[in-house]
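What follows is a set of structures for review.
Same chain, two partners: subunit A is paired with subunit B first, then with subunit C.
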Partner chain A sequence: MGYQWHFEVVVESLDVLLGGLAWTVALSLLSMAASLLLGLVVSFARLSPWRPLRGVATVYTDFLRGTPLLVQILWVYYSLPILTGVVFSPFVSAAIALTLNLSAFVSEVYRAGILSIARAQREAALALGMTTWQAMRRVILPQSIRRVLPPLGSIWVSLFKDTAIVSVIAVPELMYRGKVLSIETYRPLEIYTAVALIYFIVTYPQARGVDWLFERARVRG
Partner chain B sequence: MIVTVQVSLVAMVGGMAIGLVVALLRIARVPVLNGLASLYVDFFRSTPVLAQLIWIYYALPILTGQSLTAFVAGSLGLSLYAGSFFSEIFRAGILSIERGQSEAALALGMTRAQAMRRVILPQAMVRMLPPIGSSLITLVKDSALLSIISVPELMRQSETLASLTFRRMEVLTVAAVVYFGLTYPLSRAVDYLHRRYAPES
Partner chain C sequence: MTDGLERASGNDVLIEVRGLDKAFGDLQVLRGIDLDVKRGEVVVIIGPSGSGKSTFLRCLNRLEDPSAGTVRIGGVEITGHGVNLPQMRSRVGMVFQQFNLFPHMTALENVMEGPRTVLRLSRGDAERRARALLDKVGLSEKAGSKPANLSGGQQQRVAIARALAMNPDAMLFDEVTSALDPELVGEVLTVMRELADEGMTMVIVTHEMSFAQRVADWVVFLDDGVIVEEGRPERIFHRARQERTRQFLDQLHWDAELA
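This part shows the complex of A and B:
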């Protein structure tokens, strides 16, 4: 245990690590925003009365939820260029993979939220002469939004942590920079400890915020 | 693939053992240990698994002077990570059993440990089954991250195969299908448990 800590290495490279954190935040925000939209499309597809569409959407969500994110990230990074002929930067590949992965989870949350609104609400809206779309937009969705907020918060927090995985395709986010720095400085203990602490400091308040959302939803019932 | 299953099982058993101890410490409000247990749970739930695995594999040996094999480091990392969320599942499960139950057990002359073992845990266990199943699925998927610290599990072997054959797309696709084959039956089983045991709420 007689290890001599050298935290000055961390202080010197703190700006590099925080620069990595900016990438982490940017990637998380972009993927979350994109998957909120894509998830909506997928959830509508899953609730569609047309069977083939429903089937495709079910396979899509099952597969993305049943395979490791790491596999998906590598697959998008290495295989999409072969299939499409377009080469994406690591950042774009990471954003695509994260968005696809999240959209499966987000769509399940939406679906549960929409289904949790009682049937009678929809029937009442239709009886008032609204079209199915109007009923969805004006009656069902506004009520669902309150119910889906807490689980979406959880998804956001795990996304924030999962972005560390894209370090394997060299996106210059926090984890990747930690890896590079620990090799350059020969100080893996200090650097990785700092990386873990930075993740903790940034994620912990968000996790508490999500706990609060759940708490509030329970109070309202 | 066998290593993937092994590591997942080790992490599940280790995680449940850690989780049970931590949950009981937090519920019993043992001074000091209670605080440490909360800190442990908060820390492991608020940092990426990958950061934890890498820290244990690369940084811990420097601190202790004891080098770990990739398999040991990986199992330890996943177990600690799993322990943090199993403890939350156990805690929620135990607290969900009404107070009256433990009071009745105590009134019948049981000690607190007996009440916990004979009355609370058997009932809580049933309620905890679905979330435990979901966690197992998460563990199988997260075990893919061990490839990064060179544990020879499914993902690592696929990577090796991919660089030998130059057929990365095919190999990755097969790996994805194998993972799906492992997790899909599990997730069906969890769905079933949810329908069967989930409390109406």
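This part shows the complex of A and C:
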């Protein structure tokens, strides 16, 4: 093929792309942090002895895991304001949608981690006179953390790449800026290649880090 | 009972069980258990596997909820609703068959955990108490070890120290030597015997018959969810009145000469 590569386009717009990367990182960090907390609440609800609470939490996780993330993002950005009268910026809407979506997956990881700590550990804590909450905080959760760290790492790596989807509501992150630049410069091949490489360069070490977490967990049992 | 082997008299009943029933679904595990445990007394519960011994013990600190009947500890009813379970359990220590130490904590931290989290002792006070108890069970030098690096016998001694750290009124032992290699049983029984000699109120579920005979003030034979027979150890082990008790003891092939 006689295609003339013009990578100088990429060099010229690198600061714009890296500025987009900063938004991607910010959105990922914010959504992950929020979903780690929300997921904990949801997992406690799913483990609650109170049936109605458990039911609500189950519907919540099933629904968020059973609908496309793209639909959730568009719904939060375009539909939620009609319902509530409150309009959020694209960034905030994206963070809300990603947090809700992730919290469903994170809560499942937590739930599995908590359940994997044997009933015996809980009983030993209760027999000492601990409350259910103290047993959770002092005995169950510290042991669960080691088990949930690898799967949470996987979720993080997926999230980092999946944020590209929020370009549909014009959050000025890496993907959106790539899209705009490719139109402005008429150089989609160079620009999208550069965008892919930037995602890969940032994601790859993290993915390897997660592999290492899994390996360590496997060795230590 | 007129054989001169009467139970020590006195009305200082610490644990009083009346009409205790426990069912898991259709399975009736305990039926109409009545039992008194007096302060300072060592009560040993023996019986075949599946006879309800462990379930009975677990009803005493409400790890299982009885289906019917009452349990009183120090005169306070602990069955039914509205009982402050954590407070009650902090007065009753329990040691488990599988030790159940907290694997993310050292031996010292395991023993400090109750005093710190439940009793809200300062770190210094909790550590002093924990070190004294590790010393008592002969494990001072293992204070910094994680459970995974301790033998079964050592783990179980730490578990006993952990329960003692709450200064309980009574201790419950649920087949605490059954998961141990034979050569590690002795070190755990020695610690329990010392506790008994110090006057600790103990309820012990065990298959160690020679130990039961030496340490028990009162032996209860439980079979199929009912108390078949109870009495002083000399009488139960040598002059059981019930055929089922004699059959059970014969089957064990236990050797009285080892006692």
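Just so it is clear, the second predicted complex is superposed on the first by the 221 of 221 C-alpha atoms of A that agree within 3 Å, B and C clash if a C-alpha of one lies under 4 Å from a C-alpha of the other, contacts with A are read in each partner's own complex, and residues count from 1 in each chain.
We take it that a residue touches a chain if its C-beta (ideal position, glycine included) is under 8 Å from a C-beta of that chain, and two chains touch if they have at least 3 such contacts.
Remember, it's a predicted structure, so these values are computed and weren't measured experimentally.
Using the contact criterion defined above for the overlaid structures, shared-chain residue A:V139 touches subunit C, although it does not reach subunit B. In the superposed pair of complexes, A:E8 makes contact with neither subunit B nor subunit C. More subunit A residues lie in contact with B than with the other chain of the pair subunit B and subunit C.
In the superposition on chain A, A:K161 makes contact with subunit B only, not with subunit C.
Once the two complexes are overlaid on the shared chain, A:A196 sits against subunit B while remaining clear of subunit C. After overlaying the two complexes on the shared chain, residue contacts for A:E215 are found with neither subunit B nor subunit C.
By the document's definition of touching, neither partner reaches A:E184: not subunit B, not subunit C. In the superposition on chain A, no residue of subunit A contacts both subunit B and subunit C. Touching subunit A in their complex are the following residues of subunit B: 42-43, 45-52, 54-55, 58-59, 62-65, 137, 141-145, 147-148, 155, 168-169, 172-173, 175-176, 179-180, 183-184, 187. Interface of subunit C with subunit A (complex): residues 61, 63, 85-94, 96, 98, 100-104, 113-114, 117-118, 162-163, 166.
Residues 120-121, 123-131, 134, 138-139, 142-143 of subunit A are the ones that touch subunit C when the two sit in their complex. Those residues of subunit A whose C-beta lies close enough to touch subunit B in the complex are 1, 3, 62-63, 65-72, 74-75, 78-79, 82-83, 161-165, 167-168, 175, 178-179, 182, 188-189, 192-193, 195-196, 199-200, 203-204, 207.
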